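All chains are identified by letter, namely A, B, C, D, E, F, G and H, in their written order; residue positions are counted from 1 within each chain.
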Amino acid sequence: MIENDFLEIAGRKIHSRLFVGTGKYASIQQMKGAFEASGAEVVTVAVRRINISDRSRESLLDAIDPKKFILLPNTAGCYNAEDAIRYARLAREAGLSDWIKLEVIGDEKTLYPDNEALLEATRVLVKEGFVVLPYTNDDPVTARKLEDLGAAAVMPLGAPIGSGLGIQNPNNIRIIKEMARVPVIVDAGVGTASDAAVAMELGCDAVLMNTGIAGAQDPVRMAEAMGLAVKAGRLAYLAGRIPKKSYATASSPTEGMLAK
Amino acid sequence: MQVTINGETTSVPDSVSIAELVGILDLKKERVAVELNRGIVSRKEWEEVLLKSGDKVEIVHFVGGG
Amino acid sequence: MIENDFLEIAGRKIHSRLFVGTGKYASIQQMKGAFEASGAEVVTVAVRRINISDRSRESLLDAIDPKKFILLPNTAGCYNAEDAIRYARLAREAGLSDWIKLEVIGDEKTLYPDNEALLEATRVLVKEGFVVLPYTNDDPVTARKLEDLGAAAVMPLGAPIGSGLGIQNPNNIRIIKEMARVPVIVDAGVGTASDAAVAMELGCDAVLMNTGIAGAQDPVRMAEAMGLAVKAGRLAYLAGRIPKKSYATASSPTEGMLAK
Amino acid sequence: MIENDFLEIAGRKIHSRLFVGTGKYASIQQMKGAFEASGAEVVTVAVRRINISDRSRESLLDAIDPKKFILLPNTAGCYNAEDAIRYARLAREAGLSDWIKLEVIGDEKTLYPDNEALLEATRVLVKEGFVVLPYTNDDPVTARKLEDLGAAAVMPLGAPIGSGLGIQNPNNIRIIKEMARVPVIVDAGVGTASDAAVAMELGCDAVLMNTGIAGAQDPVRMAEAMGLAVKAGRLAYLAGRIPKKSYATASSPTEGMLAK
Amino acid sequence: MIENDFLEIAGRKIHSRLFVGTGKYASIQQMKGAFEASGAEVVTVAVRRINISDRSRESLLDAIDPKKFILLPNTAGCYNAEDAIRYARLAREAGLSDWIKLEVIGDEKTLYPDNEALLEATRVLVKEGFVVLPYTNDDPVTARKLEDLGAAAVMPLGAPIGSGLGIQNPNNIRIIKEMARVPVIVDAGVGTASDAAVAMELGCDAVLMNTGIAGAQDPVRMAEAMGLAVKAGRLAYLAGRIPKKSYATASSPTEGMLAK
Amino acid sequence: MQVTINGETTSVPDSVSIAELVGILDLKKERVAVELNRGIVSRKEWEEVLLKSGDKVEIVHFVGGG
Amino acid sequence: MQVTINGETTSVPDSVSIAELVGILDLKKERVAVELNRGIVSRKEWEEVLLKSGDKVEIVHFVGGG
Amino acid sequence: MQVTINGETTSVPDSVSIAELVGILDLKKERVAVELNRGIVSRKEWEEVLLKSGDKVEIVHFVGGG
């Protein structure tokens, strides 16, 4: 579609700028359909205990072909650096990959990050050779610190996880992207296709979402919508939009009118 | 002997190895990670590491998440 | 992409919900490239005097294959019902088609419609057998009157022509769509891909634009962006978005955490 | 507060730029308190049949001192020009004043005006010597036509009556004010104090509201809030706000820092 | 105006919820006029070297009566905790007061805070007995940490200092206020009166501004506007606004219409 | 005789005048407007104008409205 | 004789027909519409309709527009 | 002797006290704060604290700021 337009993280070329989560789907079947429709290459997963007593549920990994998808484990549910580091290490062990979507939550109602702890965990994990993709808020100062610590990308939230409010502060996201030398991936808050397009029009490198797709009435159809919206937003950004004006400019010629 | 696996007290053969435990529990070895008393046990160590009574074992895998 | 999802006007099935204008392109070549990229089936044209003394310029119609595109002549530049009717009749004569994008402008700075005159011209042209697609503002009352007079669709503006401000009053557009029994096509104001997606997410049947594409720094690329955005917005509307919430909802499970 | 800053309609100087309605109050007492707190000089009333069988309710006019307030009867509930004209004439007879807030409703769900009928009724009533203040939508073309017909002011809506959505399309309101030579009074849609301030900051001459005050949990307190907000918005407009910028500018001096 | 409605910080009752800066005024005279018009009780000042060679300029403190105003020195211009602590100590020495508006800047273009360093400086200064009012961004997690460290209030920014963009993320400010047990004072970003009203309508306890007033074309008039707007927003918040609805509700009775 | 006042059939004295009717109904004359068979009757005409059987009278006043 | 075509005074052969005029002007007939003295002349009439001196002719086509 | 005051090398009487310096500079003592070699000197110490050659003195006051 766009020649040689790809995102590169830790030496891996990623052509789809839509990253998707694996949570909240009604069935594995539905999830697979959504992935297919979305065109996503990167999918996030969570690390949890195996339920020893009940083993009925199909394993998630049976459903995700590691040759087709880049697995991005997260540290969701961790409220301090120590826990996040612990989950990251287990994820590496289980997934045989160094990539980690680093989350250190600071508050239960908003699920906003604890940036202090996030910076601390990033420092440690980067030293241990992880490819750290930190979930953060839309603060340009924290974003730059994460980058300076060696984060492979920064993932500012557009709005609270699962809120569907869209990009609450486009100016901050734009500034984060302007300052960044690593990819900027908007993570969380996208509710519908136009939200995803807006994120890309701000110049971001990718968008990560889960609830916006899995929570839709028709997740497969919404997944296709999101895939198209991310492409549309990316193209619009590259194409260079017209400036905004308060008044009109005719699109049809004003000369050549008939005699009255 | 008794060990705690993922929070549940469980009876296992004396000095069973992690590798054996994973087999007993019928887990896909390449899909799980194991922590013994808060320290990770990497796959290549599973054969050697034997459990003692009272050990705390955590076995995790990937589940759906965002 | 979407089974049997098409727009029907005067018995014609239209599969692309993006209508495009033919004004302001740097060259016929560029315009053709943009049409190709946009996937549009309906293209608008203006009616003007032939320049008798200088006949150099290639004719527009040489560039537009009537088998591939539905030609939609407009009455741009007309400031009263009489003129608009006159141009509509000439358009029919020149284009051998009854379709007319009816514009009666009421003000030069905003190029907003004169709805009184628009209603009058619609009444006359519907009687003469035209398929009238009136360009109007975002007033639900006028929209319903146009429909009652036999308009084949209503085309409310999102913002002033060429302004690129996007949908200024989404609530009005949504209400117009709710009340309408004919297709609702947002005409004018779209500045970038997300604006087009928003229009479709409101439930509109199509979006018409010219400057948003032709005025972009790379019109061909923007045309592709707009085509994808319209599809994305349509799919998102059909898929049923998640509700907006002020707080977060976790996308990863909260149970199955490790022992502290 | 502001020297010689007043609004003039039909030769009457009005110093308070907040106009208030008399509907929906829990009691006459509450309404009086709200008027007192709001500082309003112009109050709207509706024209309705006297209930012959039940005469219990205190008369509204006993509560409104005609020396303190300018009574502005409305034609609320009228759906065509003829009815509106009929109510206007009865209002003049009952109120011994020529002022009329002209409403011709075009739709029950939105209570948006029928601008065609509104223009017709304005034409007739201006000829009959009425001081016509028409309730219209935010269409600059209609606003200018009303002015050309002799309306004493134009009263564009900010949002649907009673919706509390605030100014839905500030650009249109600003343009209406720029074009107008008669006072522009935002009528309907104000939900809270900042909405009223926004209307005045756009340059409007006054704001008219009813539900925003009468429907608040504490109408008297909200009336005071609205009175202050209108003054604040007016002053801010006159004071000339700072331009918007995407980046910061220090407010403290950058020189005179200590040696490191 | 509102019985017993005041803000209390470190045991001091403050009745005006508008805090103002002293920077950027054309003259001391103009600044005094603005303070008078604003009704502010708390004024911020910066700490800088005395210019030994040129002593011409009137001293700021000659213009501010310490009996009428609470002096709030800031640490503007500091880019790390150590500098901020140094300026705070000098401010206490010079001002004989423990109050400090703590700023630790993290980036020159946005002048956004470095929250890590801000938390560190807050920890130290609270221990030294300062009444710390930290300037922070709109992150609820950082706000709560500042409060837990003993900050006397939290001062989230609405938008970049001097930008005049207004409250960029109202949802965050609302959440910060909901979680806070200390006063929440919106600091920075206010461009006009309605912005200040919005901040108060979100439930905030006060608003601090400098450029919005000093940078206006008529600072004295804007100061009055801001004072009124803060009162209006506060009253509206206490009064309880009407809910927002997408459709209309008549404010005039629907019964009692005449016979057709 | 019977006339219709504000939609209600009402008995009134024969050939009563508008002025008398307003009195009978105990209305504040300076606060109401009267329409007789769709035509306004201005205050100064109230004395002369007499009702006939079957007349339709509308009497309005101001109520709370926005 | 002189006629006005699209606002320009032009010399054309006496009693030339619209069809001939379109030919003289070398226009693609299926792409233009013709108005004679404010009234449309449909294609099928082009042969019969002859111009008189002073006639006002408007010949239009489609150009780029939105 | 030479000391640095607010970044400027300045000649002052030998072993001048902070109090004397503030006087020499004609500053309003209750409006300024003084730092000597990076440490604050509180007002009550001004009499005792004497400057030595090469000392670095910072004298600050309040200016307009937001």
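The definition used in the following text is that contacts are C-beta pairs under 8 Å (C-beta built on N, C-alpha and C of every residue); 3 or more make two chains touch, one makes a residue touch a chain.
Just so we're clear, the structure is a prediction, and the values are computed from it rather than from any experiment.
What chain lies farthest away from chain A once each centre is taken as the mean of the Cα atoms?
Comparing chain centres, F lies farthest from chain A.
Could you compare the number of C-beta pairs in contact for E-F with that for D-F and name the larger?
Greater number of contacting C-beta pairs: D-F.
Could you state the distance in Å from the CA-based centre of chain C to that of chain G?
33
Averaging only over C-alpha atoms, locate the centres of chain D and chain H and give their separation in whole Å.
Comparing mean C-alpha positions, chain H is 62 Å from chain D.
When the centre of a chain is set as the mean of its C-alpha atoms, what distance in Å lies between chain C and chain D?
Their C-alpha centroids are separated by 35 Å.
Of all the residues in chain A, which ones touch at least 2 other chains?
Residues 21, 23-24, 46, 48-49, 51, 74, 76, 86, 109-110, 112, 161, 165, 171, 175, 188, 210-211, 246-247, 250-253, 256, 258.
When you check chain H against every other chain, which residues touch at least two of them?
Answer for chain H, listing residues that touch two or more other chains: 7, 35, 58, 60, 63-66.
Which residues of chain B touch chain A once you look at their complex with the stated criterion?
5-8, 10, 25-28, 30-35, 38, 40, 42-43, 58-66
Which residues of chain D touch chain F in their complex?
The contact residues of chain D facing chain F are 21-25, 31, 44-53, 55, 59-61, 71, 73-74, 76, 86, 89-91, 93-96, 161, 188, 208-211.
Under the definition above, what is the set of chain B residues touching chain C in their complex?
That would be residues 7, 35, 56, 58, 60, 63-66 of chain B.
What does chain E use to touch chain D in their complex?
Where chain E meets chain D, its residues are 1-2, 21, 23-24, 46, 48-49, 51, 74, 76-77, 86-87, 109-112, 160-165, 191-198, 201, 210-212, 214-219, 221-222, 224-229, 231-236, 238-258.
Can you list the chain C residues touching chain D in their complex?
So the residues of chain C touching chain D come out as 106-107, 109-110, 112-116, 119, 137, 139-142, 144-145, 159, 165, 168-169, 171-172, 175, 179.
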